[in-house]
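One chain, subunit A, links the two complexes that follow: it is found with subunit B in the first and with subunit C in the second.
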Partner chain A sequence: MRQHQSFAEWIDRAAGQIMIWPAVLILLAFSIFPLLVSAYLTVTRFRLAPGGFELRYVGWLNFKKLLFGSQQYHLLGTFSALTATDWLIFALAAGTAAWLFVGAVRSGTVGTVGLIGRLIAAAVLLALLLLALAVTGDGAFPGTLVVTVFYVLAGVSVQFLLGLGLALLCAQRILGRSVFRVVFFIPLTVTPVGIAYLFRMLADVGKGPLTPLLAAFGLGEVSWAADPWSARLVVLIGDTWQWTPFLFLILLAAVENQPRDQVEAARLDGAGDWQVFRDVTWPAIAPVAATVVLIRLIEAFKIIDLPNILTNGGPGIATESLTLHAFIAWRTQDLGGSAAVGYTLLAVAVVCCVSFFHFVVRRARAHERP
Partner chain B sequence: MLHRVRKTGSRLAAYVLGGVAALAVITPGQAQEFEGVSIDVMTFTGPQIAEPLQRRAPDFAALNGAEVNVITVPFSDLYTKLLTDWATGTNSVDAAVFAPQWMVDYVGPGFLQDITDWVAADEALQVDDIAPFFREFSQQYGGRTYLVTLDGDFQMVYYRTDVLAELGLEPPETWADYVAIAAAAHGNDLNGDGSADYGSCIAKKRNAQSYWMITSIAAGYLQSQGTSQGAFFDTDDMTPLVDNPAFEAALDVYLETTQFAPPDETNLDVGDTRALFTTGRCALTLDWGDIGTLAIDPETSQVIDKVGAVMLPGSRQVLDRDSGEMVECDSEICPHAVNGVNRAPFAAFGGWSGGINAAADDQVKRAAYAFFSYMSQPAQSNHDVTVGITGFNPYRISQFETLDNWLAAGMSETAADSYLGAIKDSLNSPNMVLDLRIPRNQAYQQVVLDTAIARLLAGEIDKAQAMQAIAAGWSELNEEEGTDAQLAFYRASIGAD
Partner chain C sequence: MTDHRAGLWRRLTEPKSLDRMAPLPALLTYAALIAWSVVVLFPLYWLLITSFKLPVQVNDGPDYLPFLDFQPSLHAWEYLFVTVGSDTLRPYVNSLVVALASTVLATLIGSLAAYALVRVRYRVKLGAVLAFLLILAGVVVGVLRFGIDWRVALAAGTALMLLVLLTLAPRLRTAVGNEDIQFWIISNRILPPVVVVLPIYMMFQRLGLLDTHVALIATYTAVNLPIVVWLMRDFFASIPVDLEESAQLDGASRFGIVFTIVLPLARAGLAATFLLVLILAWNEYLLALFLSTADAQTMPLLVAAQNATRGPQWWTMSALILIMIAPVIALTALLQRAIARGLIVGAVKG
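Let's turn to the complex of A and B:
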């Protein structure tokens, strides 16, 4: 009886852990284990062998090939000499980073880990800026790293602004607003590959539905797919069409949940639309906005379907993202190279998203607290 | 009691025997060899190639009882999907229809079933009717048979007979002729719809099936001494044959054709260029045998009986391997030249062929072989090669010798002579360029070559940089795989030993 009681007590105490362990084990099996295996793959070379395959240890060769060797053009791009303007932009950014860092040190509120984190974030972001400047000059071409960062920054910015704008419009008491909400939501329900094929058909210059319109404006012989920036723009338009509804939905919920009494009080005090947005709505939705942008940032780094279907990464490698780069390496048995690209993406995405979380999301949430 | 038991037993025996006899009468010929067997066959997203497999699967099931499930994946994923399925021991794919040049990667580790004895014992396959090139190069590796040929592939140049007649021009013999015709025809209305059309349509999309095109153009500049000379690597030391004046001349042609092409040519795959050509929008195109049969499809073609085909054009100047310079053809350096023009037909891809997973169950392997044999037998094949949607092109001797099937399919005698003649000329050429068949050939061509050419077309790099990029990439792969080992594979694959 005593033993039975103690066992029951133990069960009672350990119930939480017992309940959570299956989920932890599944997570380990399907997430952490592949992560570790792919980390091992980054230092190996895959070879076919009788009855299967073998992995040969090659050290840092896969990263060396990507950063300094034959695949440098692919990951980092083709460089040109930096101009005086480029150096000025970089110096301004470096100066701002240094000023912020010194400010953090002087404030005395940031611990050692926080300072190290700031240094890593500053180093990575400044390196990305320098790389972007070096591959956008005359005769230079960006690699998959800068193209991906472009998709992320440009895409998420445009999607956020459009999503916020639509959310503010749909929060108005206008006729048929429920219809608009459903219509704006539809693209999110379509599979990305479907959207890619849709845009491929729409953008077909030979037999697409816009061909007569383009011809009427004298653009019948212009091909968006042949120019790097127009091809990237088409990918970006497709991505925006797909993901704006996600931001729209979350922001709409946030806008509709803002304190109505504060809005009404502001209106009674004679505040205009802009003042209400700036002083009431924005502070109320900022925590949600920061969080949704963070979620979108994480997702945006993984873009693959649109460039893969729309352009196959072309013209040249102009529209190829890091994920597509890794995928192309994988399908030619270069598993080590593919894993190295994947880990490069992971490093950049983690630094960017953690920085965003620390400097934007947490501050927005802090502002939210009473 | 005993009598009753005996009587009942006799009745029971009679019923059983009667039942068996009745079943035998009711279901004559249904003692099907592969009843209950299911075969998962992988190939690329069609409709080509997948269509005939899917269409004929129910007929095969009715004959043999085996159910054939055709699984399709994009062409660029097919090689790796098969490899990962077989190399990791997943073995969800029992058989596949793929490029014979990939056989080298699949045979070495033992993924493919040796079917030498099965083919030898298979009278219905009529293997001797399969043209020697496909029988020996596409089906065999190291003297053993691993694949069943379902398709014959050569790249050729197709031209509009009416357009050339109107322009007073002859079909191209050299690539310079090709460019001249493209320039003359470009901008004219070629299909009577009132809008300007294109001189040349060549699939140049990246990560698709475009990377064979540049080799088709370069072949005539690079190889003049016969098949065993090779067009990809120097057979002495495995130096890539891509950083030289011959390859540069091919790149010039490749870039020049873009000027007389649709504006989005760099984003066109073979399906797109075929549609453009058969709807009358192009004067010239470079493609496999599919155009010949697609052009006679009354539902889609606007160029029925307006299409001619020639073996790949060549050059009056070729690469002298000793000096590294381009020299005029003479009887010594171009022994196979005709009218002073060196032509080297490129057996690009080699033709879709069926192979069987060695790790599949015995009964499944037998059933898969029976299916591929059924698909390749003249009764099926002779019809399928005349239908454009199948993607199958002629590969049997009888398909070249008998015009009846072609005429019945709607091809005129002139068109059939031109089409089959171009393939026969290619097949019989002693200067044929064999496709690359060394380990990881897909990385050499589908990644290094394809990416460099795409970057050149996009203006990211110039010709010299493109040639250097290909040479460096191929040399790097040689080193990774072992240059001596790759050289041995290469020499064996082109008969240089």
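Let's turn to the complex of A and C:
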């Protein structure tokens, strides 16, 4: 009995440790440890050997191949010469970044770590912009990095606008609100693999349900899978179908949570819909909107199932995302290359998500709590 | 005439009272909502009728209405549940076991961690963390580059770490606190699965656990843990601390307080988090592709497997997707209110 009691006491005293350690250990085993092993894989070449495999140290050869060598077209793309307009756009962006940075230095409220973080963010984002400009134009072709960033930017913004629009409509006094809510939620419950096959069925030229509709518009003979941009568009449509519900659901909850009395006061003062949205609704939902976009942003970088199954990455590599690129490299037993592509994705995703967190989410929240 | 027209326009666009919608905006609202409902539901309708079509009907071009355009047939369902019944049932049970077990584990472990981050103050020496990472990196390189036996390397690493903790750590000053731990846990979600899946594959291969439930459950738990911490933390923060303090004065233990007071108060958040994590685990494909082949095959893999050597079997694929969606929609409809309320607290305070 005495023994029992002291054990219970020990449990109680150590509760703080017992609660956090399982989570920390699991993340160490399944994130940090694999991350280190992967980091090592990026500097090796994998080869099957008698009785298993061997990893030969090759230095930064894997990255060299991807950035400057035979795989450059795959990761970065095929370049064209930059035109005067391209340089103008880049100069404008670089100028804005420099101006913001000088402002941050002058304000004196940003610490050393903050300044270094801003420098890294600016460098990565400007490099991405330059890359995007270089791979668009005559004879140029974007690689998986630009395609992934395109999916993320286009997908997240379209899904956010659609989700917000639907949420605003659904938050009004209308009949059947809960029915719409459940119906709109459904796509989120479908497995991404299923969505990919589903859209392959729907977009099928000839056997799909849209065939008569397309024929009516004179597009009956168009094969969307053969053109890079239409193939990317179909991937984006599938992605939007799947993820709009997530943004819709949370934004709806936020809109319903806005201060009713302020809305009514504004209406009594004769404010129109747009004014009510701008002055009451948007400030009230901005923190939630920023956070939910961040969550979506984090997931969007991982896109693979849709391009893999819908288009198999094709035509050529036109719809391939970074994760799919890494997966294909793995399938050809290029483990080092696969890990290097994975690390590229990690670097870009971390810079984008952390920047978004610091510059948008934090600000949106600071705005909320004066 | 113009007066009359202006009156009509006003009647259409301006509401009679503040809590009613005017006819025109109401019409447009319903039109937009119904249009999006069609966008959402039509693909599902197509799945449903495809699952009742014969191969020849699918291949001959679009048929829209059962009984009018084509004669529905149960062949796909019969094939899945009678001809290869056990091959359908096994992945279904696998998916159920893996998704439920990993979701329960992630929700439990993540909630405890989230609660602890809100209520307990942690100070971790930055030097100790860096030393740990360095030693871990050393162990990894030692095993992979220099072929040291992993047990030896692990023992040496542990010994070295203990040495650091006992000698150096007490002298270090800089410490990381709850905010940093929390940020670290949540930032794990940014990690693309494709970066970590290879080492995880090798790890389970070494342990002889490839193609087992354990491998999938453990991996899914780890992948979804950050979401749980992210969403649950603010629920716990919004619970008044004096409730817990008075329970503590009454002699309740920390765990007693968590399980009898805190978790029940946060049940809306728990329900929302549980459902979200369950959906993610239930539908996950990439990790399952690496970690399971036959015995532990999950439903998304079975769906993909319908695109086999004979070309895509659209009819069986559609039926499989439908039986995958059904339980999730049922659960969603049940938990609907809680989800909407549950997600917002987590998102508001992020």
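FYI, the second predicted complex is superposed on the first by the 356 of 370 C-alpha atoms of A that agree within 3 Å, B and C clash if a C-alpha of one lies under 4 Å from a C-alpha of the other, contacts with A are read in each partner's own complex, and residues count from 1 in each chain.
One rule holds for everything that comes next: a contact is a pair of C-beta atoms (placed from the backbone, for glycine too) under 8 Å apart; a residue touches a chain by one contact, two chains touch by 3 or more.
Note that this is a predicted model, so its numbers are computed, not measured.
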{"item": "Contacts of A:Trp330 with subunit B and subunit C, given as first, second, both or neither", "value": "both"}
{"item": "Which of subunit B and subunit C A:Phe301 touches, first, second, both or neither", "value": "second"}
{"item": "Per-residue touch tally on subunit A - higher for subunit B or for subunit C", "value": "C"}
{"item": "First, second, both or neither for A:Tyr343, with subunit B first and subunit C second", "value": "second"}
{"item": "Which superposed partner A:Asn312 touches (first subunit B, second subunit C, both, neither)", "value": "first"}
{"item": "Contacts of A:Gly206 with subunit B and subunit C, given as first, second, both or neither", "value": "both"}
{"item": "Which of subunit B and subunit C A:Gly272 touches, first, second, both or neither", "value": "neither"}
{"item": "Partner chain in contact with A:Pro259 - subunit B first, subunit C second, else both or neither", "value": "neither"}
{"item": "Footprint overlap on subunit A, where subunit B in one structure and subunit C in the other make contact", "value": "206, 330"}
{"item": "List of subunit A residues in touch with subunit B within their complex", "value": "45, 48-53, 70, 74, 78, 141, 204-206, 221-226, 228, 311-318, 328, 330-334"}
{"item": "Complex contact set, residues of subunit C against subunit A", "value": "18-21, 26, 29-30, 32-33, 36-37, 39-44, 46-47, 50, 58-62, 64, 109-110, 112-113, 115-117, 120, 122, 133, 136-137, 140-141, 144-145, 181, 185, 187-200, 202-203, 218-219, 221-223, 225-226, 229, 253-255, 258, 279, 282-283, 285-286, 299-300, 303-304, 306-307, 312, 314, 317-318, 320-321, 324-325, 328-329, 332-333, 336, 339-341, 343-344, 347-350"}
{"item": "Subunit B - residues contacting subunit A, complex", "value": "76-77, 79-80, 83, 87-89, 105, 108-110, 205-208, 262-267, 272, 276, 439-440, 442-443, 446-447, 451, 454-461, 472-473, 476, 480"}
{"item": "Interfacial residue positions of subunit A with respect to subunit C in the complex", "value": "8, 11-12, 15-16, 19-20, 22-24, 26-27, 29-41, 44, 55, 57, 165-166, 169-170, 172-174, 178, 180-194, 197-202, 206-209, 211-212, 241, 245, 249-250, 252-254, 256-257, 264, 267-268, 287-288, 291-292, 294-295, 298, 301-302, 304-305, 309, 322-323, 326-327, 330, 335, 338-339, 342-343, 345-346, 349-350, 353-354, 361, 365"}
